[in-house]
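Letters A, B, C and D mark the chains as written, and numbering starts fresh at 1 in each.
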Amino acid sequence: MTTLTMAKALNEGLRRALADDPKVLLLGEDIGRLGGVFRITDGLQAEFGAMRVIDTPLAEAGIMGTAVGLAFRGYRPVVEIQFDGFVYPAFDQIVCQVAKLHYRSHGNVNMPITVRIPWAGGIGAAEHHSESPEAYFVHTSGLRVVAVSNPQDAHVMLRQAIASDDPVVFFEPKRLYHAKGEVDMGVDIADAPPMGLARVAREGSDVTLITYGAQVTTALDAAIAAEDDGVSIEVIDLRSLSPVDYRTVTSSVRKTGRVVVTHEAAREAGVGAEIVASVTERCFEYLESAPVRVTGHDIPYPPAKLEKHHLPDLDRILDAVDRVLDRPNSMTGVSL
Amino acid sequence: MTTLTMAKALNEGLRRALADDPKVLLLGEDIGRLGGVFRITDGLQAEFGAMRVIDTPLAEAGIMGTAVGLAFRGYRPVVEIQFDGFVYPAFDQIVCQVAKLHYRSHGNVNMPITVRIPWAGGIGAAEHHSESPEAYFVHTSGLRVVAVSNPQDAHVMLRQAIASDDPVVFFEPKRLYHAKGEVDMGVDIADAPPMGLARVAREGSDVTLITYGAQVTTALDAAIAAEDDGVSIEVIDLRSLSPVDYRTVTSSVRKTGRVVVTHEAAREAGVGAEIVASVTERCFEYLESAPVRVTGHDIPYPPAKLEKHHLPDLDRILDAVDRVLDRPNSMTGVSL
Amino acid sequence: MAHTLTPTADPAVDVEDVARLLTEDGERVADRELDPWVADVDTTALQSLYRDMVLVRRVDTEGVALQRQGQLGLWAPCLGQEATQIGTARALRSDDFVFPSYRETGVIHVRGASPADLVLTWRGEEHSTYDPAAINTAPLQIIIGAQALHAVGYAMGIQRDGTDQVAAAYFGDGATSQGDVNEAMVFASSFRAPVVFVCTNNQWAISEPVTVQAKYPIAGRAPGFGIPSMRIDGNDVLASMAAMRWALGHARRGEGPAFIEAVTYRMGPHTTSDDPTRYRDPEELERWRRRDPLLRVERLLRSLDAFDDEFAADVAADADRLGSEVRAACLGAVSRAPIGVFDHVYAEPHAGLDEQREHFAAYLDGFAGAEGTSR
Amino acid sequence: MAHTLTPTADPAVDVEDVARLLTEDGERVADRELDPWVADVDTTALQSLYRDMVLVRRVDTEGVALQRQGQLGLWAPCLGQEATQIGTARALRSDDFVFPSYRETGVIHVRGASPADLVLTWRGEEHSTYDPAAINTAPLQIIIGAQALHAVGYAMGIQRDGTDQVAAAYFGDGATSQGDVNEAMVFASSFRAPVVFVCTNNQWAISEPVTVQAKYPIAGRAPGFGIPSMRIDGNDVLASMAAMRWALGHARRGEGPAFIEAVTYRMGPHTTSDDPTRYRDPEELERWRRRDPLLRVERLLRSLDAFDDEFAADVAADADRLGSEVRAACLGAVSRAPIGVFDHVYAEPHAGLDEQREHFAAYLDGFAGAEGTSR
């Protein structure tokens, strides 16, 4: 075990993947000499050469499209999208090609592409630098989508994503890049929990609080705060958004009967909607109250100085917890 | 009242919009001389000239990006995306520009752009010609999203969409282009029901069946079939997917207590998830059983010969109706 | 470089402003650049090129007929484009890798697509049938221009493997407007990737004439990206083969990408769903009929005494055989079972989808009991 | 058009291969193409250009300082690019419409942005502050290349209105790799739109040298799209103004789009978050210091006896005044109230969002009672 930041844990994950498999290539803007704007690829071009760690022209469709071609040739491209808000020019290649080529080719062609996306808000960044586009990818059949919340998962799940024969959209919460944690780098990725599994981040009995990414930290804070108030919250870190590990989720909900889902992304047709719909479908008879979502508002990501009013913080989560517990809350008396 | 196909009703809607407002322009591939591959713009270039009905180069980002510039100049561009599967190259311009510019500019700039999308499956088309991408746009704050199900709505809502100062993604079910219906073309769009309202397409008391687009027809068929079986289904045609008219939806659910949502799009984080989550949140105490979704599978749209196994048909809807009524159904005994 | 650069004065529509080796009358003319590349093409080779062109035309006719008869959902005729397709494809090595668009029937035929491969996609049975690795050819691409980037990526892979293979991307004149095609040129140039771009300028993108996409010849764009290009008569199978060999040679020698604009004509509708009478002048078609790519090879062969009745009959028999095979493959097609829609979404198990498949199977089973539908 | 086209042999990195009117030593040199366009620029006009350049440099210094002091979230310095920005922007008419990228501090200053407009976006108070219609300038664009298409669309609007205005798009060397910029050239050429593309080739896209984007001069691309272009010394304010006037004239006369590649240098980091020591040679910066765009105008003015202490002091005072105004606007900024995040998402009422706003207001009110937070 070593104490590493998430950034370093990811860097070590990439290093290991490059070392283990000569077919692994890194593509992106500024990932070479600079090591990426977040330094996640720091030192990798020096170590593995410019043929394997490739600074590309400034064009995301180009990066994704050439990654598809490399996959046709048997490579395993790991693409870095510089910021969440810059993935959209690559959307066509992701949705129509990356996600569909295995299906289209009758299973003859694999698309073992990992799309790394520094992700979400809370870092006071400029416009387009704090987006939470995960629902777009979750809704896209043919992709796997994961979101990490701690250095250990970041390291192991990145290696698992790269090793997967399927395309994986890999969300890295920028807000946690510098958060530290214990990492076991010696782990055999086959022995580690598969990236498709959720994790009970904290056990509890009154309310199931479901989330992913940096919001796991906020959820855990909320759980601690609630404890003082006599409320026991079970926090579930989904880790995988597609597929969702409903076994873990439903076993918690069957226990608590009350559900809050939180994420930074907008609410309308977001991942939270999917979780609430599926949990309701699977656990209806166990539910004591309507599951509640605590999400970013349905607005474009606001200017940095206002993001704190957009991001679902501890107080908004606790307010929702009060709601599912039928205790006084901000919606008391408000008709829906 | 005149009997028109949906295609013709749309054509007349465009003609009227062009005639009423000199700032309205049409942009798209093959919309001029050809009149569009579905002939929705038939005759309009001849009538209004090539400066207003514009055949563009073959590039969707280019079409959407120039539409943004035209909106900056005070125009009201109506963009035709040739088929649903070709909207993705324009995704960046839609998500980062069209949806955000009003917000970004502090309300100084309007983006009264209508994006018409011939939409969804069931017509035996080639790959990428039967997509249901509506959830991507519903999840995108700053856009309005509507889906029409009959010639009257097609005509009126298209004119309303064009008249709206906000960007509207306008879904036209290809499968219904040739379906006929009564259309009142004399209607003043300000007097007609606003495009944001849902419609009770058929009244019923046992189950609320919520849908939109071509699936409304299937839902109505299901309601008729169920009647023989003694089940009274209320069919709601959402019309607007963002915002959703929850007043209409919840008043039905409060009456029936049982909900089925159906759409062609994939299920994961689809519009159905949003509807189920919101209905559960708003009507929990009225629900007699868990709402059920009947959707396309979470697969890339399959080859034409197989689409009938993908699209949620009458039988699959009735199976779901049995499920919410706790009658024997395909899921009986299956654990979730 | 001059500091002020002015575009060429030639308009995009000048179809005579091309390099060629074979006139409409079947006369072999000299071209300093192209000649060396087809020095080895003797009469037998010419006959073989001709044969392939006839075969493809036969398949195309069959495709249209099958669609009319309701056996195919759609067909995208390549009538008129046989010289471009056969000439360029025959220049490829079998271990080169091709990324075709939907209209490249001739190209995939040369690559080794079976009769079934030529039609089952259009029938709607499968999105694609052949194994790309088996014939070194990607599935047909419908998203305009997307495959240009794939070819560049594939070529970057070749570079990394250190072999002398080449990747080739085929796309139309309309496709040159797409960001993807331009980005492909940027990436290809930046990485000096061994890729050849074949732009089939058939004068139309559905109803839009090429002048909507380009006011100046498309071949003129590539050099701005640092890519040498050639503008050839795409109805001339010899020029097509020569240009492709030039381009492949350039890429194979490690000198980077090359670009070909093959000026030809889509003699049929865009697809069987299209009605070109709405937008194009019948006289234009007549003019192009006189430029028919097959006719001029026939004339050349006749002038070489290499086209007699026996040869014609033999070619026709070959073509008929292929036509029947295509028809048989089409009529004999068996659709996947319903549950098959779930196949090959993922390469590895996916809990969510696996559950959905199970539920659908249960649903189908219920039916099987009730109404005898099998899965 | 020749049938075989070969790219220019000039490499993208040759920064001397440009048109210029002013040498590093401040010597005015002749250029047949450019001279006519600045025939009217007398000493007073030169002084005024110089003044603007100094002002912008002062704002830039202030921006960096404010960021260091935690008053701005980020700043994108335009140090070294003043000649390109001031020269081209001063050539515009006020009723032309500009689509700038994030680094165009000098451009928006010339257009009429207030001191607050120059910093509040970078402070994170607003995505944009000025009313685009008031200064005929779009909000700064962060999505690389997207604004090029907006400019073309705007120009298509101008065309339809029948005026002689021009739209201008500013973007960097990196942006030329984006599909959007290439599609913008396609559309501009196809519609002969009155738009000018100004590509500021500052040698770098964050850490990537221009050779990653282009092996051959960027100006060489436009002609392939049918767009005339010029490659100029972007550190030469006169050449910048002259080229822009040439381009604007071309567009204004209805002759369609024009393209300028201004070869300059980003002397600072990409943004205040960037560390250029990781990727660039300090000697390169030194070389460019000698080409400083302000210095050469100062030298020219001195040679014309139009730069004395009084003038220098006056300009400095002006600059200090603007600097203080910028600082004051920054420090005096008041953030929107929390509920303000809901403003201007839609132009018309939206039932879903209105409900969300109400609920959030109720939530904030609850807090107001409990903890004194006001909305």
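We adopt the following convention: a contact is a pair of C-beta atoms (placed from the backbone, for glycine too) under 8 Å apart; a residue touches a chain by one contact, two chains touch by 3 or more.
Note that the structure is predicted; figures quoted are calculated from it, not measured.
Peer 1: Between B-C and B-D, which chain pair is linked by the larger number of C-beta contacts?
Peer 2: Higher C-beta contact count between the two pairs: B-D.
Peer 1: Quick one: which chain's Cα centre is the longest way from chain B's?
Peer 2: It is D whose centre lies farthest from that of chain B.
Peer 1: Which integer distance in Å separates the CA centroid of chain B from that of chain C?
Peer 2: From the centre of chain B to the centre of chain C is 35 Å.
Peer 1: Give, as an integer number of Å, the spacing between the C-alpha centres of chain C and chain A.
Peer 2: Roughly 40 Å, centre to centre.
Peer 1: With chain centres defined as C-alpha means, what is the inter-centre distance between chain A and chain B in Å?
Peer 2: Here chain A and chain B have centroids separated by 30 Å.
Peer 1: What parts of chain A, by residue number, touch at least two of the other chains?
Peer 2: Residues 56-57, 59, 61-62, 85, 89, 92, 96, 100, 103-104, 127-128, 141-142, 242, 246, 268, 297-300 of chain A each touch two or more of the other chains.
Peer 1: Among the residues of chain D, which are close enough to touch at least two other chains?
Peer 2: 126-127, 143, 177-180, 183, 186, 190, 212-213, 345, 352-353
Peer 1: Chain A touches which residues of chain D in the complex?
Peer 2: Within the complex, chain D contacts chain A at residues 73-74, 102, 121-127, 142-144, 174-175, 177-180, 205-208, 212-213, 273-274, 278-279, 335-336, 338-342, 345, 352-353, 356, 358-360, 362-363, 365-367.
Peer 1: Contact residues on chain C for chain A in the complex?
Peer 2: Residue positions touching the partner: 97, 99, 126-129, 131-133, 138-139, 143, 146, 148-161, 167, 179-180, 183-184, 186-187, 190, 343-348, 350-353.
Peer 1: Quick check on the complex: what are the chain B residues that touch chain A?
Peer 2: Its residues touching chain A are 61, 85, 88-89, 91-92, 95-96, 99-100, 103-104, 127-128, 135-136, 138-142, 242, 246, 250, 265-266, 268-274, 276-278, 280-282, 284, 287, 289-293, 297-300, 336.
Peer 1: Please name which positions on chain A make contact with chain D in the complex.
Peer 2: On the chain A side, the touching residues are 29-30, 32-35, 37, 55-59, 61-62, 85-86, 89, 124-129, 267-268, 297-300, 302-306, 309-310, 315-316, 319, 329-331, 334.
Peer 1: How about chain B: which of its residues touch chain D in the complex?
Peer 2: 25, 51-52, 56-57, 59, 61-62, 64-75, 77, 89, 92-93, 96-97, 100-110, 112, 141-142, 144, 164-166, 196, 242-246
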